[in-house]
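Below is one structure, written out as structure tokens; the observations come after it.
Think of it as A, B, C, D, E and F in the order they're written, each chain with its own count starting at 1.
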Amino acid sequence: MRPSGRKLVELRPISIETGVIAHAEGSCLIRVGGTHVLCTASVEEKPPPFLRGTGQGWVTAEYGMLPRATHSRNRREAAAGKQSGRTQEIQRLIGRSLRAGVDRLALGERQIVVDCDVIQADGGTRCAAITGGWVALRLAVNRLLSARLLTSDPIMDHVAAVSCGIYAGQPVVDLDYAEDSEAGTDGNFVLTGAGRLVEVQMSAEGAAFSRSEMDALLDLAQAGAADLVAAQKAAVA
Amino acid sequence: MRPSGRKLVELRPISIETGVIAHAEGSCLIRVGGTHVLCTASVEEKPPPFLRGTGQGWVTAEYGMLPRATHSRNRREAAAGKQSGRTQEIQRLIGRSLRAGVDRLALGERQIVVDCDVIQADGGTRCAAITGGWVALRLAVNRLLSARLLTSDPIMDHVAAVSCGIYAGQPVVDLDYAEDSEAGTDGNFVLTGAGRLVEVQMSAEGAAFSRSEMDALLDLAQAGAADLVAAQKAAVA
Amino acid sequence: MRPSGRKLVELRPISIETGVIAHAEGSCLIRVGGTHVLCTASVEEKPPPFLRGTGQGWVTAEYGMLPRATHSRNRREAAAGKQSGRTQEIQRLIGRSLRAGVDRLALGERQIVVDCDVIQADGGTRCAAITGGWVALRLAVNRLLSARLLTSDPIMDHVAAVSCGIYAGQPVVDLDYAEDSEAGTDGNFVLTGAGRLVEVQMSAEGAAFSRSEMDALLDLAQAGAADLVAAQKAAVA
Amino acid sequence: MRPSGRKLVELRPISIETGVIAHAEGSCLIRVGGTHVLCTASVEEKPPPFLRGTGQGWVTAEYGMLPRATHSRNRREAAAGKQSGRTQEIQRLIGRSLRAGVDRLALGERQIVVDCDVIQADGGTRCAAITGGWVALRLAVNRLLSARLLTSDPIMDHVAAVSCGIYAGQPVVDLDYAEDSEAGTDGNFVLTGAGRLVEVQMSAEGAAFSRSEMDALLDLAQAGAADLVAAQKAAVA
Amino acid sequence: MRPSGRKLVELRPISIETGVIAHAEGSCLIRVGGTHVLCTASVEEKPPPFLRGTGQGWVTAEYGMLPRATHSRNRREAAAGKQSGRTQEIQRLIGRSLRAGVDRLALGERQIVVDCDVIQADGGTRCAAITGGWVALRLAVNRLLSARLLTSDPIMDHVAAVSCGIYAGQPVVDLDYAEDSEAGTDGNFVLTGAGRLVEVQMSAEGAAFSRSEMDALLDLAQAGAADLVAAQKAAVA
Amino acid sequence: MRPSGRKLVELRPISIETGVIAHAEGSCLIRVGGTHVLCTASVEEKPPPFLRGTGQGWVTAEYGMLPRATHSRNRREAAAGKQSGRTQEIQRLIGRSLRAGVDRLALGERQIVVDCDVIQADGGTRCAAITGGWVALRLAVNRLLSARLLTSDPIMDHVAAVSCGIYAGQPVVDLDYAEDSEAGTDGNFVLTGAGRLVEVQMSAEGAAFSRSEMDALLDLAQAGAADLVAAQKAAVA
């Protein structure tokens, strides 16, 4: 029933290649089906101004999409002179999600900036960005630990994200572009390695959805996130 | 336990005064406790460019906050030269929420712009904006029906919004600023008059939340929205 | 002869409601006929950079208009990404006018920002903003005096503003929108409680005006300002 | 008493050199003492969009100042990314002033853009821009008349501008920078060749001024403008 | 003598991987040593406005660099709100260079946009962008030829670019970052497959260079470009 | 053969008038045929932030063109809200060129900003800006030497610029607008008084050019620059 022939509960193939950018403290190229996102984590030994003197650090994220990542070319945001509302919404979500897995006191007064740039898009780019962004963050923190710039690990748990929606009347996981552009209701779920919820963003531009549909989507999200966390573990092993 | 002395399930007092702006096709001033939002609906007899020739109409929203709506003065966005990411995220949410209650084909090729400007803020401004914005929209559509510019009612159901969160370890509804600034987890729920879900946006910057906490918040949201819908009905009667 | 039936020398009904915004040190909602402006005064205990170390304070103003304050909706300036030339011109005028009534040395090294936001417009918005802005400023200074943050009153006199113009060949005071859009010559006069002049801005896009017409308009302005000052006195009593 | 040794009623030396820019339909370099402004008038055979089909034309103005026209270098507005409020206020004034001397129906559906760029500044730049801008406009219209693109002259009268103020307690005309930076009250007067008023902009940041001071300044302005009109006549003869 | 141990006339290893972005009409990832640039060519079946009705097409380019392509993170241009002068200069150079190899009449009224995004930078990014951009362009034109949207080949010759400079007193080719940051004089040469010159951009911030040094650099550039053209031929074979 | 009747190797008449702006430390108006550029040099006794504490100074440049310097009016960059790519490219070139003739250690920790504003354009504006800009810089440095703010002369040599191109198949020097708009290949050469090269920027949007054409253009540039340096010497004598 799904355009790709996948089962309702089946994720697309995932690959996470690490260490792809020589200069970055942490980096990976995550591929979730046809969605490819390049993630880097950059350590800055200075916190943002609002945290100076608090002993706490910060993790933030930026998101971008290359102009021809999509079926037809989009205008380059740097040329347009601003980031769209969609871009800002996504990068705020990535930042909040990653921070939820970090003990900012243990991180100390530094900042880690996670850049997620979509090279090729086929639906679910923000979820891939969170899942891959966490890997880049993990690798950058590993380097701080190896260099003894950190004495205890500020990362408390995995953070991974998956989309779910109602497609053709059925709850499905990890929508690709063909499904995403047809689904009346869809959303994104961010979860921890322990299966707890970090972010839930469900949206119905078409028909509103019922409480039982919400429950079905939460079930799918919890199962899907577990698979993503396993892929993260393999990547950073 | 709550700073205001309210019960966990108790909303703040609500008042909705209609017809407050002479020029607007629909308008109201909604007060939810200390949060006051001025909402106007403006009918434009031309749809946005991407809908020309489709027979469908559009509902969109803009959100603003006066500089001294808050405890200390904020920079005016028009002076800063751009709307913040937060503002854009909120107005996209309001627009999507209101559209979920409208049959855009029945609306015909016109656009209704709902402006929500926060005069005074005490938490929950985006929820008040959605609840009040729907009233302004309803009144503007009533005028189109009276003028026989519309022959069938494009509004399918009420749309109202309420915030819920975990405050001091307990699930509470309709957080005021004192609660909002302390809550680890909070979010916004948009529902229809029939109790179906339109938007769910839960966020945990602090500790992640469990599936059962999610369920408790959904329960609170459904009860709270019913009260708001009752207030809408009284206002437009 | 006037569309509203008013006499040539007759102002519209004025009301000034104070204390309308809980957070602001001073606030009022001024209504001059159908023109409604919300004014707040915010005290900042830090002067602008160019006054540091001089012992002097500053009063500045910002002006805005809600998108649907007017007959048809205007584009939101925050969305447009800049304040129009008209907005900047008006807020510079409000700031200069209010400063003319303040002893900046007595105010000390602090800044008071007066925000004037037009909720509903029917001509004369900048004059209402100045007249109401002075009330908000007066109330904020009263609070500084009560709190003994100021020992002597930095406000030297009332400041109020009224428009005058040549409508249908006759000099008239306090033009509403119907008159304003027809008048060839019109302008704004800012005066003190003592009847001295602070600002005169007369403009003829149509036929130039004579010295004797200028004199007649100055007479009207002086009479009108006296009524406005009386309303200010009643409001802050 | 004046820093320059001039009498209270004495203008600075004026020179107006025409035809200084080969490409422009009209141009002049006006020098009023140490204030030098380059003015060009550009004819566009298309009116602005809001006048299409009305049979009327438009005259508009833009104002700029080279970075080192002043004692110390100012930031280039093109590099800053926007025109300041002051610049916008001045160019709106120039445009309104020039339009007041033009029969826009006789001009027909075309636009004349008058650019006024300050090469060297010593006070009174906006007045020099209006006086010189009128000369450039006159020359451009002469060319349209010669080319028989116009059959009747749309220019109804001269338009010239002069500053007046209270300096060291005395009313003076044509303030230079040394006076301007000290004067409590000053302003700009735009008049026609017939001595009628087009714009009056008086401002008191310091002490408010009396009605009799206003009268004295109007007297000075009328006398000064007559001299400027004589200089314009000599230049375009 | 060179930090990398290369001979004066030796290029870094080059690889050009084609077809890396599924949606683009032409694409490649070019690696010149540690400099990696992703190039896509997007065909738009509409020419830019200034060419409508002329029968001619256009080729244009945009250039970007991911924030962490460099040793330390750079600010994202989309977040900064504008493209830097350097970025604009580079993308104008790429566009001019590629157009020099295209018969724009044979291309017909369409536009090809070549996006060059630097994934990892180690000197010579603009040269790699031109060399790789030509490959993406060639592949996109091949697709137009296969689809019979073009009947004759608009590409007249290869276009490739190489940097040359004076490093430690010696002329060297293809400078890496370590050399580039030390070289007093360096520049970029764009050549055709036939060895003719398209662009020469030599710059001496330090000591000026002699005519004979210029000749030596031109010799190096001609030899280096021949190797790059051979790599292009292998890639598109 | 040239539209102006000039010989292939003949420059246009040059005049350099110095001291034209009273406030600037150095200034000139350079006229190269119909191209007129006003150049000022402003001394700032503070270096840019990146040089603080290094003992070195900086020379930078800004370039502008008045809207009606050209045949038809161009949009004012300050009104457009940004400097074009062309403007930025030119001002970067002017700055680099002037710095190549300055010993920045001898200049000490200060900055000189050279503003080049085109009053009238007829081709070759960036070359005239460099040649005139050097004169303004020389005069400003002379003033620093006279005032004993500098003890040794930081200017090492003259810097002058000339354009060359292939017009109607022949190499020509100092192209005017009529030639420039027809030439397939053209470029700019910046040289020192000693005849060494500072910048070479050749560009072929049409047919690529040969090595021997490049040589012919370099010959023309060296001869032309010598004439310009002679004119600089006469101006600053």
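In this text, a residue touches a chain if its C-beta (ideal position, glycine included) is under 8 Å from a C-beta of that chain, and two chains touch if they have at least 3 such contacts.
No experiment lies behind these values; they were computed from the predicted model shown.
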{"item": "Neighbouring chains common to chain D and chain F, by label", "value": "none"}
{"item": "Most widely separated chain from chain B, with each centre as the mean of CA atoms", "value": "F"}
{"item": "Cα-centroid distance, chain B relative to chain D, in whole angstrom", "value": "51"}
{"item": "Geometric centre distance via CA averages, chain E-chain A, whole Å", "value": "33"}
{"item": "Interchain centroid distance [CA atoms averaged], chain E/chain F, Å", "value": "28"}
{"item": "Contacts with two or more other chains, residues of chain D listed in rising order", "value": "82"}
{"item": "Order around the closed ring of chains, commencing at chain A, then chain E", "value": "A, E, F, D, C, B"}
{"item": "In the complex, chain E residues that touch chain A", "value": "21-24, 27, 34, 38, 40, 42, 44, 62, 64, 66-73, 76-83, 87, 113, 115, 117, 119-120"}
{"item": "In the complex with chain C, residue positions of chain D that touch it", "value": "82, 85, 88-89, 91-92, 96, 99-100, 157, 187, 191-192, 194, 196-206, 208-211, 214, 218, 222"}
